[in-house]
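Okay, so chain A shows up in both of these, paired with chain B first and chain C after.
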Partner chain A sequence: MPSTGADPKAVPTELESGSAGTDRATSQAGTVAAPGRGFSGQGPRPRGVPAWVWALPPVAVLALVFLYPLALVVQQSFTTDSGDVSLAPYGDVFASEAFRSALGTTVWLALGATAGCLVLGFALALVIAFVPFPGGKAVAKFIDVFLSFPSFLITLALLFVYGSVGMANGMWTGVTGASEGPFDFLTTPWGVLLAEITYFTPFVMRPLLAAFSQIDTSQLEVASSLGARTGRIVRQVILPEALPALAAGGSLVLVLCLNEFGIVLFTGAKGVTTLPMLVYSKAILESDYPAACVVAVVNVAISVGLYGIYRVVSRRAGA
Partner chain B sequence: MNSGIRFDAVSVAYGGNVVLDSLDLTVEPGEVMALLGPSGSGKTTALRAVAGFVRPVSGRVFLGGRDVTELPPYRRGIGMVVQQYALFPHLKVAENVAFGLKAQKAVPRAEIPGRVAEALDMTGMAAYAGRYPRELSGGQQQRVAIARALAIRPSVLLLDEPLSALDAQLRSGMLAELARLHRELPDVSMLYVTHDQVEALTLADRIAVMDKARLQDCGTPQELYRRPRNEFTASFVGNANLLPVEVRTGGGVRFGEAVLKVDTGDAAAGSAATLCVRPHLVGLGEGPNALRGTIREVQWRGSTHRLYVEVDGRPVKADVRELRETPVLGAPVTLHFASQDAVLLGAGVGSGG
Partner chain C sequence: MLVHSRAGRWATWAGFLLLFVPLFAVPLLVIVAASFSTNWSGVFPSGPTVANYGAAVRGESLQALTTSLVTAVAASVFALLFGSWAALAAAALRKRGKRALDALFMLPVAVPSVVVGLAVLVAFSRPPFLLNGTPWIVVLAHTVLVTAFAHQSVSAAIVRLDPVYEQAAASLGARPAYVLWRVRLPLLLPSLNAAAGLCFALSMGELSATMMLYPPDWMPLPVQIFTATDRGSLFTGSAVAVVLMGTTLLVLLAVSRLRTRASFR
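Moving on to the complex of A and B:
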């Protein structure tokens, strides 16, 4: 094949242009591109350029903007202040009370918010999908828009309503003449939980609404003619068919909640320290980069681990 | 047990659009009633009114003498089979069949496996109890759907185009199967919605012909086929030549130049009417009621030839036994039919309201 001879020539030129940034990017692009050469030699090439060449720019960009910084973070997490490579930063961080409590807070907040989102999202999606009411279509559309809102917007809105000088407390003090209103939960973990559930519920509803639209309404009708009431139909017909969507939405929300930063910051809950908050305070406030990187690596590991579990579970469930 | 279905002036409308107009119809206990009509004729709406999925704007629906108009679907105790099977995909065949028994709570738990086996036996699906619906063919899935509907021992079985999703060969097999089930379950009233005249003629004790949201005609298949009351029934139940004729004084009718001796009943002389003659009752050659015309089209259908003959500017169809020599297009030809094979449809009746 005459064109095979062109391949080796194409590789260096492409690598040179792609590696303008760093050495790491070059090696990354090189290793990924290598297997592609074998394929391109056999298949038809209508445009004369090997197919793997097209994969180089995105891989190079990915390496430059994502993999390289990630590698730096990991590297930093294994480096002590004096520049030695060791596991000492991990030992220090794992031993610290701040990290343990942040890990605990992060996990229970994420699990709680996920559970709340699943329950609330399932109920709301059921109503929107199966109970015909005027404006139902508009509500479904609004959920799409809601997904594009920044997370702190919800927290701000909650501050307006339940904050120490918010509407609810203002009404209370206005009516009773008391100096303080009864609503001060916003700066506690419960406030964060409420804000996260409010913000992330649509992330569960979106896949659920898609799944519900796939359910054959004649199944629901046959079930009811067989004597099943609404509760049984929801439990035995709708829920089993919605499980993959629940798993997808739930795991997405779980990962997002684990990494949520804006909501926690904006509630002004000083006592609520999650892993991302810990990274922020270590890195920006204390300039303790190794510790910040350790926490960040732990956070990434939890997220990736959960994603892996989700993939395994969802594949086994046949989703 | 008194089963049976009665529609008492049932009307259904969606947003001012009347889809079922004052239906009066009674399905006797143990009877198979086919609701036959084109799409949009209101036949499915009538079935959904019985099941409780649509609420009539007026009129009452009775099941076994009981007014069920206000009852929700789950309290009506009706078996239902739909075109797309609607099996629950995550439940095995046996669990699908047990669904209604568990939901109704009328049967002790210990008896459920026996009832499931009985229902599966009845439809010949006992060997597939442990399979999932996706592992079955379309015909098998429909058998499971029927078993699921029968497991609750309903007094009324609703079938909504149950064979439309099956191919032709399976369909005729399932027709025989449904006829057998009807014989084995003589107490169950069935309401069978279809647009297929063969299914209706084969299976039904009586056929209700529907068009444009109204009941057009109702009778036994033989009555509707041999003595249709209007043009719609004549053309929808079987094939028909509908010839515009004029009633003559002193009996008989005039079709173009030809004078035909048919029973005119009490039709007024001089009035316009429609004469219905089934194509397979039209013979080739001279005979009584001869019609002379020109062959315009010939279709060979294996056992028969379908001739399209132009008589006095009107097409007349004739199904004759396979001819040894295919007739030549444009050749003159004479057709005839026996007087008792023709039905005079009253003027005005045939417009189909």
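Moving on to the complex of A and C:
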């Protein structure tokens, strides 16, 4: 077997290429650098570079535009203004009240929004999938369109709905004759929570709808003919099937909520500061780059850790 | 069918509408309604006008629209190029290498976009790469953010690809480059198309990283919407937002028409 390169990893062993064709991993392994490896017995084998060489250019580009900048952020987070390497920036940031409250706000907002999205998304997906109505397809399409819009539009819309002179307050003053309405939560964390739940619920509904379409409806019919009520069917038949999709969607939403910036920026509230908002205000408004880099490193550590869990969970779920 | 009684079904649907309409339909409708009005102090907006659109397609806003379009197209092209290259290269690797490459290219999704913006700003404001103040820094940040989605969608399609076609081509003596160009890429065209639409939509609406690094003469639409609403001109901001949504939808529609054509070929 002529070796195509120095790296033995890139070359399938004789044994593997012998069983080729049906084995997807093997046929994939032979496709870019040397197609036809599956037919090891036939014809002259093209002498190409090993497969891993083809992976180098995109990895090099990614390293230049993403990994190198991230490394610089980490390096800067350990550098004081005078240029010494020390842990002082971390000490300063961790000691500051602004950072602690931002960390707390970020975590509880993300957890709250995730819980809300899971409950709401499960309920809505349940109706679309199992209590079908005319126009259900259109609703599913609408959700796809919703996902392609930027998040800050939701906050902009909420300003008109619940703002100080918006729809809800206008309705209240029109009906009761009061001078101002009771809705005044947009500049509090609750406004951010509402916007995040609205924007991220479709991210939970999509995998759920996919999972629900796999459930055999005859299972539900059997359960109900055996006398199970709706609540019990949902709990004991549908929920176990939906758990992987719920876990995958929920952890994705958790990461996205931790990283959300547009919604918080458009809220424009001084009282709501999350970690991404703190990075922005330290770097752009205060030009305090070391502190911004420290907050950024903390935010990345939390998000990437959670994202790793998401990858594991969604691979188990097969999503 | 989960609910069998007629009354129960209607109650369920009513509950669905009660949740769905205020949460998802009303926000988008409200923006459209606000873009056509001058004042909103009651249940419904008042002072119907199209003047907001006059402001939204002229001067600064028009420039922001072209800025966004150019940025989104450039970022999508680069993202498709590198994302699908990486996906094709990953498919040729063994299991562990493929997993590592996939994880590497999905990493930008997990990193907050604000931090991507900060990192790009820090890295490209110093020699040897001085891009700060040029449009390229915005394009670069958008490319970093959307490449992951191009990579994900193309590598999902590669897994579903039937290896018979390329094996047949190769057994007939086609060279690897020929197989890639004439067999694999045409088969991947629908998913490349979908990835292009996704990348474009994401880049059009990108705000977080852009806020960190946009130069004053390269201000994309989302930033324009933010500065308008921050000044208090909510109604002009809504008109610009409708222009943003409309442009995104038009391009997505055009891309999906192309896709059905491609899959019929």
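Keep in mind that, in the parts below, the second predicted complex is superposed on the first by the 254 of 319 C-alpha atoms of A that agree within 3 Å, B and C clash if a C-alpha of one lies under 4 Å from a C-alpha of the other, contacts with A are read in each partner's own complex, and residues count from 1 in each chain.
To be clear about the criterion, a residue touches a chain if its C-beta (ideal position, glycine included) is under 8 Å from a C-beta of that chain, and two chains touch if they have at least 3 such contacts.
All values reported here derive from a predicted model rather than from experimental measurement.
Using the contact criterion defined above for the overlaid structures, shared-chain residue A:Tyr280 touches chain C, although it does not reach chain B. Contacts of A:Leu111 after superposition on the shared chain: neither chain B nor chain C is touched. By the touch criterion defined above, A:Ser224 reaches both chain B and chain C. When both complexes are overlaid on chain A, the residue A:Ala178 reaches neither chain B nor chain C. For chain A, the partner touching the most residues, choosing from chain B and chain C, is C.
Contact with neither chain B nor chain C is seen for A:Val119 once the two complexes are overlaid on the shared chain. When the shared chain is aligned, chain B comes close enough to touch A:Gln236, but chain C does not. Legend: residue contacts after superposition of the two complexes on their common chain; A:Val312 is shown touching neither chain B nor chain C. In the overlay built on the shared chain, the residue A:Asp216 is in contact with chain B alone; chain C does not reach it.
Touch criterion met: A:Trp54 reaches chain C, while chain B stays clear of it.
Shared interface residues of chain A, touching chain B in one complex and chain C in the other, are 224. Interface residues of chain A, counted against chain B in their complex, comprise 216, 218-219, 221-229, 232, 236-237, 240-241.
Of all the residues in chain A, the ones that touch chain C in their complex are 9-10, 12, 21, 24-25, 27-36, 38-39, 42-43, 46, 48, 51-52, 54-55, 57-59, 61-62, 65-66, 68-70, 72-73, 76, 120, 123-124, 126-128, 130-133, 139, 142-143, 145-146, 148-154, 156-161, 165-167, 170-171, 174, 197-198, 201-202, 217, 220, 224, 230, 233-234, 255, 258-259, 261-262, 265-266, 268, 275-276, 279-280, 283-284, 289, 292-293, 296, 299-300, 303-304, 306-308, 311. Residue ranges on chain C touching chain A, taken from their complex, read 1-4, 8-9, 12-13, 15-16, 19-20, 23-28, 30-31, 33-34, 40-45, 82, 85-86, 88-95, 97, 101, 103-116, 118-124, 140, 143-144, 147, 158, 163, 166-167, 169-171, 173-176, 179-180, 184, 198, 201-202, 204-208, 211-212, 222, 225-226, 229-230, 234, 237-238, 241, 244-245, 248-249, 252.
On the side of chain B, the complex with chain A involves touching residues 51-53, 72-80, 82, 84, 86-91, 99-100, 103-105, 145, 148-149, 152, 158.
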